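Lettered A, B, C and D in written order, each chain numbered from 1.
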Amino acid sequence: MNDNPDKASAQARKEKIVAEFEIPYRQYLDASGRLLGDAPAFANNREIVLPLYRATMLTRIFDNKAIALQRTGQLGTYPSCIGQEAVGVGYASVMTDKDVMLTTYREQAAQIWRGVTLAELLLYWGGDERGCDYKGPREDFPVAVPIATQVPHAVGVATAFKLRHEPRVAVCALGDGATSKGDFYEALNLAGVWQLPVVFVVINNHWAISMPVAKQTATKTLAQKAIAGGIPGIQIDGNDVIAVREVVGEAIARARNGGGPSLIEALTYRMRDHTTADDATRYRREEEVSAAWKTDPIVRLRTYIGANGWWSKEDEEQLVIECKDKVEAAVAEYLATPPPEPQSMFDHLFETLPASLEWQRKKLAGGGK
Amino acid sequence: MSEVTMVGAITMALARAMADDERVLVLGEDVGRNGGVFRATEGLLERFGGERVMDTPLAETVIAGMSVGLAAQGFRPVAEFQFMGFIYPALDQLICHASRLRNRTRGRLSCPLVFRSPMGAGIHAPEHHSESTEALFAHIPGMRVVVPSSPSRAYGLLLAAIADPDPVVFLEPTRLYRAHKEEVNDNGEKLPLDSCFVLREGRNVTLVAWGAVIKETLEAAQDLAEEGIDAEVIDLATVSPIDFETILASVEKTGRLVIIHEAPRNCGVGAEIAARIAERGLLSLQAPIERVTAYDTVVPLPKLENAYMPQAKDIVEAARRVVTFQ
Amino acid sequence: MSEVTMVGAITMALARAMADDERVLVLGEDVGRNGGVFRATEGLLERFGGERVMDTPLAETVIAGMSVGLAAQGFRPVAEFQFMGFIYPALDQLICHASRLRNRTRGRLSCPLVFRSPMGAGIHAPEHHSESTEALFAHIPGMRVVVPSSPSRAYGLLLAAIADPDPVVFLEPTRLYRAHKEEVNDNGEKLPLDSCFVLREGRNVTLVAWGAVIKETLEAAQDLAEEGIDAEVIDLATVSPIDFETILASVEKTGRLVIIHEAPRNCGVGAEIAARIAERGLLSLQAPIERVTAYDTVVPLPKLENAYMPQAKDIVEAARRVVTFQ
Amino acid sequence: MNDNPDKASAQARKEKIVAEFEIPYRQYLDASGRLLGDAPAFANNREIVLPLYRATMLTRIFDNKAIALQRTGQLGTYPSCIGQEAVGVGYASVMTDKDVMLTTYREQAAQIWRGVTLAELLLYWGGDERGCDYKGPREDFPVAVPIATQVPHAVGVATAFKLRHEPRVAVCALGDGATSKGDFYEALNLAGVWQLPVVFVVINNHWAISMPVAKQTATKTLAQKAIAGGIPGIQIDGNDVIAVREVVGEAIARARNGGGPSLIEALTYRMRDHTTADDATRYRREEEVSAAWKTDPIVRLRTYIGANGWWSKEDEEQLVIECKDKVEAAVAEYLATPPPEPQSMFDHLFETLPASLEWQRKKLAGGGK
């Protein structure tokens, strides 16, 4: 680890210092579900907190179902966000409909909050492009599978907002592994120099498939990467939905009011395999995983709302039933959706298919080549 | 009407597009105050301001990626890549996103952007300033590749590229930037994409070319005419998708085909044209097809670039061979 | 002798190369403890240690660029790119440096590296996991592109690629990784690069293919045999540079050519083969050339990938057409 | 400018700080040529300092000649390093023959010190690959024209040294504009996490063609970009050859002894047009340039060695004559070099030309196609 590597020597030499930086950290709801001092007011507002809890639960139940569908050959490779729900729900909850979300493939929690339907998610992960034609957030980007490639899109979207003088913000989620890619840095630097209305949420779930963060970078935090773009960086407990909502909320407000971009590193943990095609037991210890379960954002939040007397055993049972019903309904809709027509491959290749490609579309419609 | 060079016509088209459509933006390295290293964006900053003519940091990946974001938001970004040798970091965004966003979202989002880049050798430039790798772009589904070869075609095709609702890579042969002037009427009229231009009609042999070598091809046609060989010269212009019907009709008339390009031969766009003739025009061929191209080597530094590039006499010899073939 | 799948043969070749030549290094994302997402590097970390089997950060540009540095220093880096859809950030280094370093320095420095990547559709994978863009690499001078299509060819060709003093892009069809097992003798014997493999001799029609569709091509040859059509099947194997003499000899014998590839048709490598026949083999052609390829669309998500990929019956129909052509 | 943007607010909130950084600055010889306190011992050693001065002068005279050759059509586009000589000479002077240099196109000062001949430089910039077949530093990389693409090479070379347990260092020079590119960041991050023996010298000459640094990035320094890679970063006066030699020397020694990578931002100024193809009057003010001349590293060093009584007017005249003779000899050699044979294009395309390309080589040898 290399935080301020030259500090000691510099002071020894009484060197002139031309720049200083620090990375703050925030947490409000500790792992045991206890609310810490100076928590934001909304933490005591059940109208705000309960929906956050409901959303994390729906996401968890959806993810488990999706994994089951894949195991039974009814869905393609699937990357669950189990254990990370508080991050997605937290930042999505402080975005407006007019804001735009750009993300990787593990942000179901945020996508669901944003209005992407469960059936759309299943269609996409089932191998059907129609799952990206979100009926809800029409301007949100589809998930970017090539790591970090959505980050440049985010600064483009933010530039559009700035040029139109619109009070809108682009929120870009990326993983710890994504912070090693040049695309991320180039976008960060551009956001800084153009002071764009964009918020980068780095979801540090400690693993990039089999690579632990310590092998991904020598930096003590991922938040400090913001310093290379000349923008504010902060680290938070990503399993603390209160902290996520509060800190991302501040960043979005700042961006919306012309205060420029910022980067938030949310510490969480990838509880399950990277995807259903992965076997994490090959590269990480069971103890690490079981220890991580003790920080589960859902249990933590349930403890908190329970202690506040906002949530009974009955409420819980009721919620689980509701979520399961929603998920089952989506699965039924998904399974009942007939596959796309082969020639639909050409329907949106261009706005108008070039005449020279018509014969290919026809041939496909006719079947065979 | 005014006499302009090809680079002048490009500037004229950019200004016209920006004046007619406020969604059009110009961005890239040194496109502002400096007007671009070839001056293609000269005067645009002064006329349209820094919000529509944006100097970017030196970072091609984000120039490409942010253009996708701007386009998805309804702008019409026209990004300049300083030389074709520096556009490769943009390939990832072109292949994975620009060319796929519309398809991926079933038309919910689209990507009406233009990536401009100078191309080709012949100006004694340093390494990486003389590339002709249009074939790399032509193989990518979901986007267009356009190469102008005269001031008027540059003007009309660039306007069409900017107006097009899908991604267009617009490659400008540096050798032609100031090669000659032409009357270009700044009337905002587009030229059609996806179609060739028959620059010269002829009965004996079809010469298909694009970009800078159109110059040598027309010279060759002249020389051939003096020998009594009547060559038809076709400027491919839109390198992908190819307007094959025009080429096929010409070959059915002439029975002979020579394809000329400055790019390396192997897997160049010339191969695609030859292949389609071998599929659909075989019976009208009265002689083997010939390709006159650069060699399958790295573009050499200036001392050898002339030896590397196809010359008029190479085209003449190839045409003679196919015409006299029994 | 042992029965291995193609991915097993690749692991065998990597281990053999590392055992025989300490300059050989394996690097990439998840190639260590995890053994690669397809397990191609399984067991190498345990056997050769972390200094020779290096898990890299998630950064394809530097994986490519550092490989150039390692190669120039005398190592033989074999870098794995997790899927072909993620190799595009490496194109800049391949085009600008790996393929040019020897030429640029007049042989003072060279670049003996191998970039391995899974390729192709057919495994119901997510977006960007089903690419067949070998043509992009084939157009780059100064390097080789190799696509194996069986365990034994994968073994011998990968050993040859690693031993080769110049850059090689080695593309592995995922659909074949575990398609079938074959006896492969781990004897360290290389197979020749730059040459095709005639998998089946025949008199009536030449079928040229490479990669995963070799499977459908051989099936088609079987079906055709039952109709009395005797097809010669050629595995191109080294996609660039092309061993054209073998193809030409075959076409001179059969007079008919069908080219099959999983890549999009436009400007695919099939075009280059057809073009060369149209140049040098025209007179022996007794029928138009046919290409059986994927469509010029983005690779669709799994629900439509079968409709996208060439099927054996498409090959049979094309072969029938050219054989029965009058 | 965004140094420690969150600091104030963080302290206000008494936030927990998880990481702190600072960027030191060093200068020993001020613009007036006065040696400041605690200068390194070698500053008083004429045997070390005079060669540095001679080298800057040779480079300056060579650059001016190269520009003249280009103006008269005898050389291709040329990027001079006029005004930046102290950086190149400084870091090259603390490299050993076994170290490897990787650079952009503006490092003639370092290349000449490393043993690249003036004739080789002219051949290359005259459009002949043979100019990259350095007879001197055989392992040094040829200049990388695509910006920042040499930085990944440098970490590869450094990895080679580390794997072979050799006490060698890769020194990588790049410009301020290059720091905006993802390649730079990806390499920086890798160097950090693998603790590679590499030193990044960022030559901040304040311009990237027409882009001033302030439009390139929002960071207060370029040195702080090192923080994103978890490695030490320091800023120095690049026109102070004593500081360059001392600080790069420390970094190289640290890298050589297993202490890992570091990044040094050398502040200097591009006195002339970007290249002979550029016209800087289009985008920068004459006052800025004339002000920069007052910081000329050569004048500064001459003042210093003169004040030390190490350098007389005669020494100066003598040196200028020597340099001019060297340059003229190189020009004569360059102009007398016959152009390469056309077919030499194929000589080093592969170690052994594939049989399928032989016909092309033959055709070229025969001339025409």
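Just so it is clear, a contact is a pair of C-beta atoms (placed from the backbone, for glycine too) under 8 Å apart; a residue touches a chain by one contact, two chains touch by 3 or more.
Predicted model only: the values in this text are computed from it and were never measured.
Set against the Cα centre of subunit B, the chain with the most distant centre is A. By residue number, over half of the contacts seen at A-C repeat in one listed pair from B-D, A-B or C-D, namely B-D. Subunit B and subunit D have Cα centroids separated by 36 Å. With centres defined as mean CA coordinates, subunit B is found 40 Å away from subunit A. Looking at subunit A, one finds that residues 129, 146, 180-183, 186, 189, 193, 215-217, 345, 349, 357 touch two or more other chains. Shared interface positions of subunit C, defined as residues touching 2 or more other chains, are 57, 59, 61-62, 85, 88-89, 92, 96, 103-104, 127-128, 141-142, 241-242, 296-298. Contacts from subunit C toward subunit A in the complex involve residues 29-30, 32-35, 37, 55, 57-62, 85-86, 88-89, 124-129, 265, 292-293, 295-298, 300-305, 307-308, 310-311, 313-314, 317-318. Subunit C contributes residues 25, 51, 56-57, 59, 61-62, 64-75, 77, 92-93, 96-97, 101-110, 141-142, 165-166, 194, 241-245 to its touches with subunit D in the complex. Contacts from subunit C toward subunit B in the complex involve residues 61, 85, 88-89, 91-92, 95-96, 99-100, 103-104, 127-128, 133, 135-136, 138-139, 141-142, 240-242, 263-264, 266-275, 277-280, 282-283, 285, 287-291, 296-298. On the subunit A side of its complex with subunit C, the touching residues are 76-77, 105, 124-129, 145-148, 177-178, 180-182, 208-211, 215-217, 277-278, 282-283, 339-340, 342, 344-346, 349, 357, 360, 364, 368-369. Contacts from subunit A toward subunit D in the complex involve residues 1-7, 10, 13, 15-26, 38, 180-186, 189, 192-193, 195, 215-221, 223-225, 227-235.
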